[in-house]
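Structures incoming, each one as C-alpha cells.
The same chain A turns up in both complexes below, where it pairs with chain B and then with chain C.
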Partner chain A sequence: MSRPGFVLEVDDRTPPLVVHEGEGFRLEEFPLGTQVVYPPESLPAMSDVDEAIQHALLHPEGSDPLPSLLRSGMRLTIAFDDISIPLPPMRKPDIRQRIIEAVLTMAADAGVDDVELISANALHRRLTNAELKDIVGERVFRSFHPQGLLYNHDAEDRGNLLHVGMTDQDEDVEINRRAAESDLLIYVNVNLVAMDGGHKSVPIGLASYKSLRHHHNSKTMVRSHSFMDMEKSHLHHSAWRMGRMLADHLKIFTIETTLNNDVFPKPYDFLLKREWEWGVKDQASMLAVRRGLALAPDKLRHKMFHDLRAPYGVTGVHAGETEAVHAKTLANVHRQQMVEVQGQSDVLVLGVPYLGPYNVNSVMNPILATCMGLGYYFNSYRGQPVVRRGGAVILYHPVKPDFNQLHHPSYVDFYEEVLAESTDPAVIEAKHEEAYATDPWYVHLYRTSHAYHGVHPFYMWYWAAHAMDHVEEVVWVGGDRRAVGRMGFRAASTLADALEMVSGTVGSSPSITYLRNPPHLIADVH
Partner chain B sequence: MRGLVKGGVDDVRAVSRGWRWGRRSLVPRSAEPHSLPKESPVFPTAWSRRRPAKAVREVVQQAGLRPLFRSQVSPHVEGLDMLGRVKPPVLFVANHASHLDTPLILLSLPNEWRRITTVAAAADYFFDTWWRAVGSALVFNTFPIERRGGSLASTPGDVLNEGWNLVVYPEGTRSVDGWVGSFRMGAAWLAVEHQVPIVPVAHRGTFAAMPRGQGWPSPGRKPVTVRFGPPLRPTEGESAREFAPRVRDAVASLLDEDRSTWWEARRRAAADAVPDPSGPDVAAWRRVWAQTESPRPVSGMPRRRAWRRR
Partner chain C sequence: MILALEMFRSVPRMVAAKAVGGRIPGILSGPAAPLRLVSREQPAASRPGWARVRVRLSGICGSDLGALSGRTSLYFSGLVSMPFVPGHEVVGDLMDDCDDLPSGTRVVLDSVLTCAARGVEPCASCSAGATNRCDRITVGHLAPGLQTGFCADTGGGWSQVFIAHRSQLHAVPDDLTDEQAVLVEPLACAVHTALRARVNRGDHVLVSGAGSVGLLTTLALRELTPAGDITVVAKHAHQRDLARDFGATDVVVPDEALRGVRRSTRAFHVRGQLGRSYLLGGVDIAIDAVGSRKSVEQALHATKAGGRVVLSGMPAVADLSAAWFRELEVIGSYASASREPAADGRGSFDLAMELAAGGGVADVASGVVSYPLHRWREALDHAHSAGRLGAVKVTFDPRSSR
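Entry: the complex of A and B
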C-alpha cells in the first residue's frame, strides 16, 4: 500500500531534508514553518506487464484490436519516444522494447512486410546505435537497424517531410513523410510526466521546425499555465489542433505507458524515503554516498550518476485512439504524482538534480539547468503556480558553465552571444531564433552528428519564460556566480543568504514552499 | 584532504543531531497522520526468564538499580502485607504516569516476589531496537505486548502459566498530565481467562518526579509513594467487561487512601464518593499543575538523617 503525497510543515522535530543539486545533494535545514511537498509513494507495479500489453493491444480504447488493423501488403510505421524519457533511463528491458516486440509479433503473424521504426526525436539529437538498441532491445535492433529500417527522425530532411496542411489557426502541420504516408502509424510512448503523450507525441515528436515553431515560442509558453496541465496549456492546445488534423489524415494507434516513482536504485533508494523515516542503514548509506561523492573526481561522480538505471515499475498500459488512451494515462500519472497544496507561497525552493531530458549521457549546462528548474519543476503545478506572482524562486545547482560540444554546440553560442545581449525570451526570439534555426553548420551537425538542433537552446529558454514572467527574483544556491549572472540571475552560498537576498521583495519572514522532487510530483494548488 | 575530513565530520554531526542518535527518533508533527504504524520486530524474551539472566538481573537490580533509584527519589511503600493473602502468580495492576513506575513497583516488592515478577511493556516502544529490548528485558524483566496488534514471541498468558507475576498498566501508556486515564480490559481479561487474582497498585509522585518527556528524575529526591491493595478475584461468571471497572475503582480507592487515610477512603467508598482518579474537568494547565506537586511525606514517617540530632 503506497501512501499519498502530503505537505510537511517543518518543525523542531524535522531532520535536515535532502535537496538535489546537480551531481550531488545536500542536507538542508529549512526555516520552521516551511512547507515541503512530498510526492506520493511509489504505486505498486503491474505484476505481469506482458499480459497487460497483450490486453491493451487486443482490447484497445476507441479502436479495433490491433491484429484487425494489420494486413499483408500494408505500410506500417512504429514511432517511439526517444532517450529524453524516462529519467533516469529505466532498467532493461525498456517498456518500449516489450511493447514493440509484442506489436511486431502481431505484425509478423499478419504477414506485414513493410515495417519501419522511427525514434521520434524531433529537434533532439540523433540517438547513437547503442542508445537505440537500449530502447528497442537487441532482437528488434538486429532485425531492423542493419537494413536502415530503424532510424532517427530527421527534421531537416526536406525530402522526407510531408506538409499535411494547416490547422484552423494557420499552424503548419509538417511531419515525417514515412509516418504520414503509412497505412498505420503506431506510436509507443512513456508518459513520465503530465505534459507528455496524447497529441504531443506525433505532431511534435515527428515534426519539423516549421511546424514546431507554432507552439515552441515564448508567447505560447508564457500563456501556458502550466504546460503540465493540458487544459490550460497553449502549447497543448496547439498540439491538439495539429493532432486532430493528423488523425483525420492517417490512422494512428497510440500506445501509452505510465511508470511508478521508483526513480533511484539501491543504494540510493534512501533518496526516495521521507527523511524522518530513515533507519540506521539509510543514514549510513547517505553518509557513505556523500563521502564517496566528495572524494570522487568529477568524471567518476558524473559516471556514478549517469550510470543509474531506475527500477521503474509499470503502472499502466493503454492503447487505441489517442485521446481516449491519453485520458486513462493522465489519470494514472495524476494518481502517482498529484499532491494537494493549499495556497501560494512567497518563495519556492527547488533542487535541480543531475539529469534532465536533454542531458542523458551528457552534461547539464546552465541553460539546461534553468530549463529543468524554472521550466519543468516550476511548471509542475495545476491550478495556480506554487509561488505567488512577484515572489521568488530559489534553486540549488552548481550551474557550472560546462558544455558538451558534441551534443550542445549551439548552446555554447547561445550562452556566449545571445544571453550576453539579452535574457528576455521575447527579445531573443525575435532577434536571434531564425538565424540559429537555419544556420547551415548547426543543421549539418544535427543531421550527421549527435547535436541538438541549432534552435534547441532557444526552446529551453522559452520553457522557463512563464517562470521568468511570473516571479520577481531568481537565486541559485551554490551556483557559479559568473554563469548565473550571465543568465540574469543571482547566486548565493547558502539558503540563509538567498533568503536574505530576496527579502527586499518578499520580506524577512516569507512563506516558503519546497518541492521535494525527484521523484516527480504535481502540486495541485488551491 | 582536511576539507574532506571536516566535511565528513560535519555530515556525521548533522545526521547525529537531526536523527537524534542515542535517543528515540521523532516524527514531525504534520507528518504524524501520514506515518505508518511502526512494525515491531518479534523479540524473543524467554531467555530473560532463565537462570543466567535472573542471576545477572539480581546483581543489576540490587547493586545498581536500587541504590541509584534511592539516590534520585524518596520512595515510601505501603500495603505489602496484602501479598500475604495471595500466592503467585498474580497480576499487579497499576496507574501509569512515569518511567519511574516500573522500578518503583519492582523495588518495592519483597525479594521473593520481585524475582518472579515480569513487566508487560509496549512492543512498539521498548522493543523497537535490539539494544533497548535487551536492556529492558534484562534489567526489568519486561516482555513485549502489542498495543496495536501484531505477532509476539510470548503472550502474557504464557508468562502467567509459567508461574510469573505480571505488572500491567491498563492505561496502555503514560499519562500526559499525571491523572489516571481509562483502563483497557486486557488485565481484567487475563485475570478472568487464567483465573489469577489482581493486586491493585496505586502510586503518586512519579509524575512530579519525572514526567513524560523527561529523561532523568528532577533533582531533590522527590517523594514517591506506592500502595498495594487487597487482591481482587473475578467472581463466578463475571466477565472482563464487568471486572475491569472494579479494578479501576480499587486503584482509585487506593489513591484516595494514599491522600488521606484508610478509614476516610473506606467511608467515601461506601458513600460512593471516591474522587474521580481522572481528575477535574478544568484547563489542561491546571490538571498538570496539580500533579506537579509531590505527595506530602506521610506523617510519622521518620526522616533519615546522617547525624542524629541532640
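Entry: the complex of A and C
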C-alpha cells in the first residue's frame, strides 16, 4: 500500500533534504517552518499490462471496440508520443511498444495493409532511428522503418500538411495530411503529467507552426493557471477547440497510459524515499553516489544521469473516445501526483533536475532550465500557485551556458541575440518570433538534422511567462552568474544568500514551500 | 634642430618582431622596434608650393604599427625610402606661407605624395582626381614614398616639423578641436571606403573591425550612403557602444559574427573541416577594417554570392576560395581621393571635415590620447592595445615634454 503525498513542516529533527540541481543533487538544510511537499509514494503497478491493453482495446470508453473499427482496405495511421516523455525514458519494453504491437496484431487480423506510424514530435527534433526503435521496439521498427512507414512528423513539409479548417475562435487547425486523411487515426500516449494527453495529443503533436502559434504564445501561456489544470489552462482550451473540430472530421481512437512514480532505478532509488526514513543501505548509496558525482568528470556525470532508465510501473491503460479516455487518465494521474497544500507561501523553492522534455540525450541549457523550473515545476499546481503573487521563486541548477549545437541551434542565437535585447516574452514574441520561425536555416536543420525548430526556444520562454508575471523575484542557487543575468534573473551561492536577496520583497522571515520533485507532484493549493 | 622619431632598416629587428611579436607584444615597442628618437635638421621647404608644418598632433595608424612590427607586406618595400619619420595623420600649423594659405594656418594633411607634390606631369589617376592611385610615387624630386610618413625627404608627423605640399593641405575650421582634426585623415579614408563600397539602398553591410577605421567607416556609411542594416564586429565594450552611436544596427563580437550575420540575413551555415565555417548567403557588402587574415576571411565568408568585399585595412594573406566560389567582387580602398565620383566630385577630405564637426566624432575625439615623442614606447604599447584600453586613437604631441 503506497502512502499519499503530504506536507512536512521542517523542525529541529528534520534532516537535510534532497534538492536536485542539474546533474547532481545537494542535501539542503531548510529554515524551520519550511513546508516541504512530498509526492505520493509510487502506486502499485498493474500486474498484467498486456491484459490491460487488450481490455482497453476491446472495451473502450465511448467507442466501439477497436477490432470493429478495423477493416481491410482502410488507411490506418498510428501516431505516438515522442521522446519528450516519459522522463526519464522508461526501461524496455516501452509501454508504447506494447500498445502498438497489440494494435498492429488486431489490424493484421482485420486485413489492414495500409498502416503508417508517425512520431508526433510537432516542432521537436526528429528522433534518431535508435530512439524510434526504443519506443516502438525492434520488431515494429524492422517491419515499418525500412519501407518508410515509420517516420517523424514533419511540420514543415507543406505537401504533407492539411489545413482542416478554423475553430470558432479563428484558430487554424492544420495537421499531418496522412493522419488527417486516414480512415482511422490511433494515438498512443504516455500521460506522464496532467498537462499531457486529451486533445493536446493530435492537435499539437501532429500540427504545424501555423496551428501551434494560436496557443503557444505569451498571451495564452500567461493566462494558463495552470498547465496542469486543463479547466484553467487557456492552452488547453485552445487545444480542446481544435481537438473537437478534428474529431468531427476524423475518426480518432485515443489510447492513454499512466505511470507510477518509480522514476529512479537502483542505486538511485533512495531519491524516491523520504530522507528521515533512509536506512543504512540508502545512506550508503547516497554517499557513494555523491562521492562518485563529485569525482566524476563532466562527461561521465552526464552519462551517469542520461543513461538512467526508469523502472516505471503502468497504472492505467484507457482507450476510446478522446475526452472520455482522458477523464479516466487524469484521475489516475491525480491519484499518483496530487498533494493537498494549505495556502500560498512567500517563497517557492524548486530543484531543477538534469532532465526535461527537450534535453533527452542532450544538454539542459539555460533556457530549458528556465522552462523546467519556471514553466513545468512552477505550474505544478491546481487551484492557485504555491507562491503568492509578488513572491519569490528560488531555483537550484548550475545554469551553465552550454548548448547542444545539434539539437538546439536556434537556442544559441536566442540566448545571444534575443535575450540580450529583452527577456519580456511579449516583447520578444512581437519582435523576433516570426524571423526565427521562418528562418530557412533552422527549417532546414529541423527537417534534415535533429534540431528543434527555430521557434522552439521562444515557446520554452513562453512556458515561463506565467511565473515571470506572477512573482517578483527569481533567484538561482548555484547558477552561472552571467547566464542567469542574461535571462534577467539573479544568482546566489546558497539558500541563505538567496533568501537574503529576496528579503526586500518577501521580508526576512518569509513562509517557504519546497516542492520536492521529482517524482512528479501536483500541489492542490487551497 | 628638431626631435623626430625615425624608422630605420633593421633586418634582425624585423625578423624578431615578425617571429615573436605576436606572442610577446612588448617586444614590438621595445628591442624589436626599428624606431629611434633622433635630433635632426629641420627639413627645408625650398621648392615652390612647399611649406613647413609644425605638428600639433599626429596619430598612430594601424599601417604604422604594421610597418614597425614587420607585418607589412614586402610589396611596399619598393615604395618607401629609409630612414623615414612616420606619421601621416597630422594636424599642425603652417610655418611658411603656402600659396593661398598664410603662415599660421592650422592644417590637416592628405598624406599621399602625388604627381603635384613630386613636380611631375599629372598621371592619368591624378588627372582624374583619384590622387590615391598616383602612378608616380617613386619618381620626381622626392625620394620614393607612397605617403608623407614613408618618405625620407618630407619628414613625418612623428616629429616637431615636417614639410608638405600645397596639394596635401586642408585648412581646418576654427570650430574643430585638434583632437577632431587629427581624426580627419582617417575619416577621409573611411569616407573613401564607404563610397568605394557602392552601397545600394537598403544593402546590408558588414563592417569587420571596430578600431578607428571600422568605427569611422560605420559613421561614413550611415551618413553618406543609403545602407540598410549595418552589422559591426566589435571586440570591446566601448567599441560596441560607439558603433551603435555611429549608426550600426547590430553589433556582434568576433566569435559570434558569422552566427549574427547568418541570423539577420537568414543565410545557410556550412562547417568545413578544421573549423572552417562560412555562410551560403550573407550580407550584400562586407568591409574589412582590420586587415588580419581572420577578419579578411570573415568578410569573405559572410558575404552573399555576387556580393562585394572592400579591403580597407592593409590586408594579410588570406584564403580567397570564397571570392572565387561565390564570385565576390573584392575591391581595395586605399587612402582617399581628391575627387570622389560617387559624391559628385567632392573630395574625401571635404566630406570628412563635415563629418568631423558632428557630435559623434566630437565624442570620440574627447577620448584621443596623446604622448610626447620621448615616450614613444608607451605610446606604441598603448596603440597596440588601444581597443582593450578603451582608446580610439593614440597620438603624439611633439609640443609636449611630459
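Simple rule for what comes next: the second predicted complex is superposed on the first by the 526 of 526 C-alpha atoms of A that agree within 3 Å, B and C clash if a C-alpha of one lies under 4 Å from a C-alpha of the other, contacts with A are read in each partner's own complex, and residues count from 1 in each chain.
By definition in this document, a residue touches a chain if its C-beta (ideal position, glycine included) is under 8 Å from a C-beta of that chain, and two chains touch if they have at least 3 such contacts.
If you're wondering where the values come from, they're calculated on a predicted model, not measured in any experiment.
> Is A:Glu433 contacted by the first partner chain B, the second partner chain C, both or neither?
A:Glu433: touches no partner chain.
> A:Trp441 in the overlay: touching chain B, chain C, both, or neither? Say first, second, both or neither.
A:Trp441 contacts chain C only, not chain B.
> Once chain A of both complexes is superposed, is A:Glu417 in touch with chain B (first), chain C (second), both, or neither?
After superposition on chain A, A:Glu417 lies in contact with chain C alone.
> Looking at the overlay, what does A:Val10 touch: chain B (first), chain C (second), both, or neither?
A:Val10: touches chain B, not chain C.
> Of the two partner chains, chain B (first) and chain C (second), which one does A:Glu23 touch, if any: first, second, both, or neither?
neither
> Go through the superposed model and pick first if A:Glu131 touches only chain B, second if only chain C, both, or neither.
Touch partners of A:Glu131: none, neither chain B nor chain C.
> Is the number of chain A residues in contact higher for chain B or for chain C?
Result: the larger residue contact count on chain A belongs to B.
> In their complex, what parts of chain C are in touch with chain A?
256, 259-260, 262-263, 266-269
> Can you list the residues on chain A that touch chain C in the complex?
Interface residues on the chain A side: 412-413, 416-417, 435, 439-441, 444.
> Considering the complex alone, what residue numbers of chain B touch chain A?
4, 7-8, 11-12, 14-15, 18-19, 25-31, 34-36
> Considering the complex alone, what residue numbers of chain A touch chain B?
So the residues of chain A in touch with chain B come to 3-4, 6-11, 13-16, 27, 29, 274-278, 283, 286-287, 290-291, 294-295.
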